């Protein structure tokens, strides 16, 4: 018993004694505390910020954004940025040519060849994993939303049905058509001509360059030999389908990465949830300052913050609502920046059958009818009822930028003077009185507004709407309901929620990514707003959206997008445009060289920062 | 002693084995032969004593006779009807007819029930009379067994040991049974109270025309109230006869040893003790043949080979011994 | 009431822990009952949903208007007061229902023994083999947020504890002679369980229940803490503490800058749990037969 | 007081109280006095709750928790145990005065072997090596009639039968050759045949070691068999004291008479019993005055006052206002 | 004894089967859309028929018996499935996290048991005196503290103010040492391995990080043992063999330490065993707060994200631990107490 006491005492002393730290701890190591670890390191599967953050420094793209710009590019692995002027864009903007840089080496010493580039794109397109990012390239180059659609359209074969769970053909009959498909469509679309990489698009596609630019993990360059060695697709036409739609854990690139980028992957420790990168001393471009970078998932905000304060971390992810906690921390510098994420409240013009969230399902004060929001006055009334100024300035501490429509600030088609609804309770009341031929005003309603649990910004917005709408008429009841993501997803998919807030983060820096998502009858979001909306969109919006994406002249594109937004404003078609949140970048003030780019996944430009006391 | 010759209860080759389960699948690997082939006949309005040392199966026998244990073999005939296998509803009716008084006045009364409810429970279960009537009967009964007024609403812990036993007796009497098994009914009581209790039981017997089966380890008690006595050893009856004969002329050496071992509260009483060696063997693996042979002072070879049967050696005097009467009680020596 | 009972109750109330526990409990009862007067809810709203009092997400220290301060845009005082009701609701509902069910399972298993017992106990083992908090987290996630779902999840995974206890007690009580006595007068199984077995084995269960009451409130709060407890902004101490979770280490140089976010709901919770534990302790002291002098 | 030298233990006016849950003081033993001569057996007889066990425990100051000795003295060879330092009392315990308890299965520590528990007191009180102690312990076990003593030394109590356990207890108590053995209901939990064995054993060992025995029992049969002198206790007081013949033949206290009469006797025919009415009093509520007055057939008003001790003859004392006549009780000796 | 162990082990598969059924049916209450949310982590992935494709890919719309059969088939082949939360196969995800939890549980159990027993005994010896009351009340207060509240206090005081006990499992440097090829892993528990490797710096680092969680678990947990130790000691002190020991003239110290304590410790030992087992499953909150790697936080995350494979795999693992742990407790119980025979 006494010995035990002694041991405990010694243990205590040791732990207490080991306290001391230097001025700048580990000057060559950069520790970034995040809230997520990568999902996968396979660039063609990765579709999340944390994965992209690693992939962008390990692999390279053909081109990169020029500084902070979202529209100008600089060469990266390509020697030149294609343009109409330098005639690397040809054939009415359906052919793009990228002359490849020579002398670039992969981390394992292999030389970069044009074959690697072609292989990389082919592999990605043929893999097209479910819920992966490859649809972007498939849409850009071929005009389809998925390989499955593409294959089916050309050969009549449904890939899902033609393959067994082991990705083997169910029927030998399919073999030849699939081989032909690859040789007829995929191979010719991306080819190497000497050291030139040539893309043939099926039609002009405005956003193509942004889709390829650096920070897009789906367009990075793999080393073919290494990949084949690891067990990836071997580049042969026969059997490509065996690598189609793999589960992410079955991809050989899941946790390994050999690229040409400024850092090499040392380890992805999935137990500690930590990725360790090391400077690539053979990098072809400007070498990073820091020798080691650690991207470490620490979910608990308090812990992240405490570690930053103690100097154990150089930068941490800061949720908006804790801004106050970092503003006056000594030794800490805080920057703000707008990532291209857009929050909006969406209204379902017709709620799907079986929704448990309609209350009585009638306009009797205890619920709403399924087509509640198909009435333009209801939509407008909601728009008038949101007090943006109070919300932005007071509730959200100016950490959001109000947007008039669905486009993020600075995107083609975005404009400061785009018409928008201003807070006006009288007009809101007027609209409510007109809605449903006055029946609504008479009977009142009970409506539920939804957000996904954990997002305080969206929650606050709902609550403010609730306060305001309930104050218009005592018969109006608004409930604010937070749902866990799985439930939210289920309700979303089944079109059960009459109104909810959700956000869309740009895949690439082009308005098409937002306009088609929100305002096309087949858009990712808008397709779920009920048949009345789809009808409306088919009549009024679809042709404008489709025309705009094929247009190469930016000014025509801009006016088309303005027109779409005007219609949306007039009819309050998709709900409430809300805001673009601003990100808080919190780091030690010894961090130097940090810059912001709104399309960058992750929060730090590891290849440029260094640590030095001011 | 007037004694009607109608048998009220008759057991034939009654057995009660408890399984010993062990091993991987809780298979039964052996049996505790608590009661192993006991036959007896109990006559109306007699007091039948069952004596033996702890573990001899006397309590199990009492419980099995009342079907509080399911018999493993043999048969029980109560008032001419075989009740060995009757079902629950029939058995429930029978429960009115035979009752039990328990040993431990502390554990035999539910501590959370009032004395009244405890006594009344039998009436209630058998739906005898109206609720009001039942209360009246119970109050009378409590008074009859000598409890002070107001006992009806008291809890067991408010009574002394003797009073609790009176409650237990009242409970047994509530349904006016014919037969009562008294299992060590007075063993836990103080000497002065024990006598009261025995008196009460004798009184009640007369009033209610009861038949008692009196199970006890205390020979002096058994002797003082029983008409006939069976001595048990390791699950078997070894000797059965009327009280006088048993105490004056016991035939089984075990009975002799048992009687001689009881200390007599008289300083001048000359003790000729037969001190038995060793302990009672385990009923799991009882010695073969005569179960007493391991401790018997007059053991012969045959005792280890052949089991003696309980036979009527003299009229009304049954004994299971190859050499009955070879040990003398008074001299404690071997009679040649 | 007999004098002995009166003594028992006097001892219960006069022991240090009993006195403390019962007074605390009484205090909480009064708070819960008087909630509508202590913290009047806005008209027409569900009083359990804490109203927004301030649009800024930043916590505010106690002031004359909000005497416990503001957290997560809500009045902490309001949440603490109405949270008392939530705590009682969780504690009592879960304890009562799980104890009832546990009683049923334990009583049936313990009394009938053999194969019935074997089967029931194996099922109990299975439920016990899943770590309680993990099981509750899974179930609460599956059912979705909401106090009712928390209650369901806790019930589903906590009936085994009373079941085990009651079974053990019954195995003991089954050996008592009064059970045989009851059988000998012809009482049937149900009668024996209900009238003889349960009343005599109930006290340990009550003690356990009172102890469990506290730990259940903690578990419910832990679920809220993990973000799967009561609905957001539901008046519930765990939820209030969850607001505090991300502010406790905040505050630049002043570590204690946001003390009020933890101290008020935390104190309410610790005292509430403490009250039940003290009561349990006192009950045990008084009723535990092993400690009788 | 008669010849001092002969008495090894003298108890004067022993008072013991217990504190109940309500903090009331209960006088369980109230002024008990007696003495034991070298080599004799003194029986302390009474029913449950009369204070006989408490008395025996108080002698060695073994009362636990809430029991307190409030008065009197216990002289062991002239020294008052009650005022000795506890250290010295401890060195008496087991060495000079040993005890045997009622329930051998709970009086033996279940987690230590028999050998361990027997050698323990030898090692404490005698200058012996563990090996010697073990040898002696084996010898003791043989002496108390335990077969295969060497093997038993290594066994745990639960492996032994009740009778064997009690033998082991006796071996343990006698291991230091005490001069006084306090045997508290040593055979109550045993079967009659085993009881007979144990009683014989105790008698034999008493002769062999020439020790005095304080036998505490409720069984007058055993008393008749074992005791030289007898003390009858009722409700915390000694109500009658005398030698065996005095008590059994010439009992003067109504309680003693009642007790004797109420025993069902092996040597008597059956019939109804002369019993004492009422119940044994609860220590918390001993009656005022003569404590037997509410059950006594000879009750008069005087009995409401405390009776004095009356010396009848030789060593025959009685605590009664109206001791019964000295008519010899029925004697049917054989 | 052998049969007892064999019998208990025989029930293990049954228990595991039961656990899997319970969890499976709980998950089956969820719609395929809810279950696929594990893979659809952001709105961008909602595009087109992605959700349907993923549901197909994972066979989430199949009838329940097919889904269960598929899972069972994999388990029989030794494959517990893929943990999306752990980002690796369930089995290795568990196995790599378990040593950390085991380490935490063992180090917490040490002071919990030691303090609980010591103070409990003390409390019993001073029954109903001020020390007894003080100890009991302070234990109950600790017992009433939610671990997350107390954990934050510990972090606040010992990390934010004093800088002593940092959160996390291992610092980056220490981690690098542990991962280096020179560092040999013997037990997977860093505190032990670092000493065996002679790396005191690593030991200090990991020990400092352990201190906070251990402190939290100890304060919240020692009350239970204290209570058991106290009442068991009280009970034993009233036993007759204690009187026997005293009647032999033994010193009071010997009576308490030899005769009373050994008997009193029998229930404490059982409860201690159970405490260690319970700690293994009860570190969820502490691991979350102190950002420690471990199976508790892993399971909690998996549960929240509805990662079926991880939840069921983890539950089965806990099932095995619990059954084997309890078996171990029973067996050791039989070893301490000669009266207990297991059969």
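Here are a few things to note about the model shown:
Each chain gets a letter, A, B, C, D and E, in the order it is written, and its residues are counted from 1.
Keep in mind that, in the parts below, contacts are C-beta pairs under 8 Å (C-beta built on N, C-alpha and C of every residue); 3 or more make two chains touch, one makes a residue touch a chain.
From a predicted model like this one, the values you see are computed outputs, not experimental measurements.
Think of each touching pair as a link: the shortest run of links from subunit A to subunit D has 2 of them. The minimum number of touch steps linking subunit A to subunit E comes to 1. Of all chains, the one whose mean C-alpha position sits at the greatest distance from that of subunit D is A. Averaged C-alpha coordinates give centres for subunit C and subunit E that are 22 Å from one another. The mean-CA centres of subunit B and subunit C are about 51 angstrom from one another, to the nearest whole unit.
Inter-chain centre distance (subunit B to subunit D, centres taken as mean C-alpha positions): 31 Å.
With each centre defined as the average position of its C-alpha atoms, the distance from subunit B to subunit E rounds to 55 Å. Shown for subunit B are the residues that touch two or more other chains, of which there are none. In subunit D, the residues that touch at least two other chains are 65. Residues of subunit E found to touch two or more other chains are 30, 152, 155, 159-160, 288, 304, 306. Contacts from subunit A toward subunit C in the complex involve residues 301-303, 305-306, 319-322, 324-325, 328-330, 390-391, 394-397, 453-454, 456, 459-460, 463-464, 467, 474, 480-484, 486-487. Chain contact summary for the complex, subunit E toward subunit C: residues 11, 14-15, 18-19, 22-23, 26-27, 29-30, 133, 136-137, 140-141, 143-149, 152, 155-156, 159-161, 227, 231, 234-235, 280-282, 284-285, 288, 296, 299-300, 303-304, 306, 311, 314-315, 318-319, 322-323. Residues 1, 4, 8, 11-12, 14-19, 26, 29, 31, 37-39, 47-48, 130-131, 135, 145-146, 148, 160, 245, 247, 249, 255, 267, 269-274, 294, 298-300, 302-303, 306-307, 309-310, 312, 484-490, 492-494, 502-505, 507, 524-525 of subunit A touch subunit E in their complex. Note for the complex: subunit E touches subunit D at residues 127, 237-251, 259, 262-263, 266, 336-339.
Across the complex, subunit C is touched by residues 63, 66, 68, 88, 91-93, 95-96, 99-100, 102-104, 107-113, 118, 121-122, 125-126, 154-155, 157-158, 168, 171, 174-175 of subunit B.
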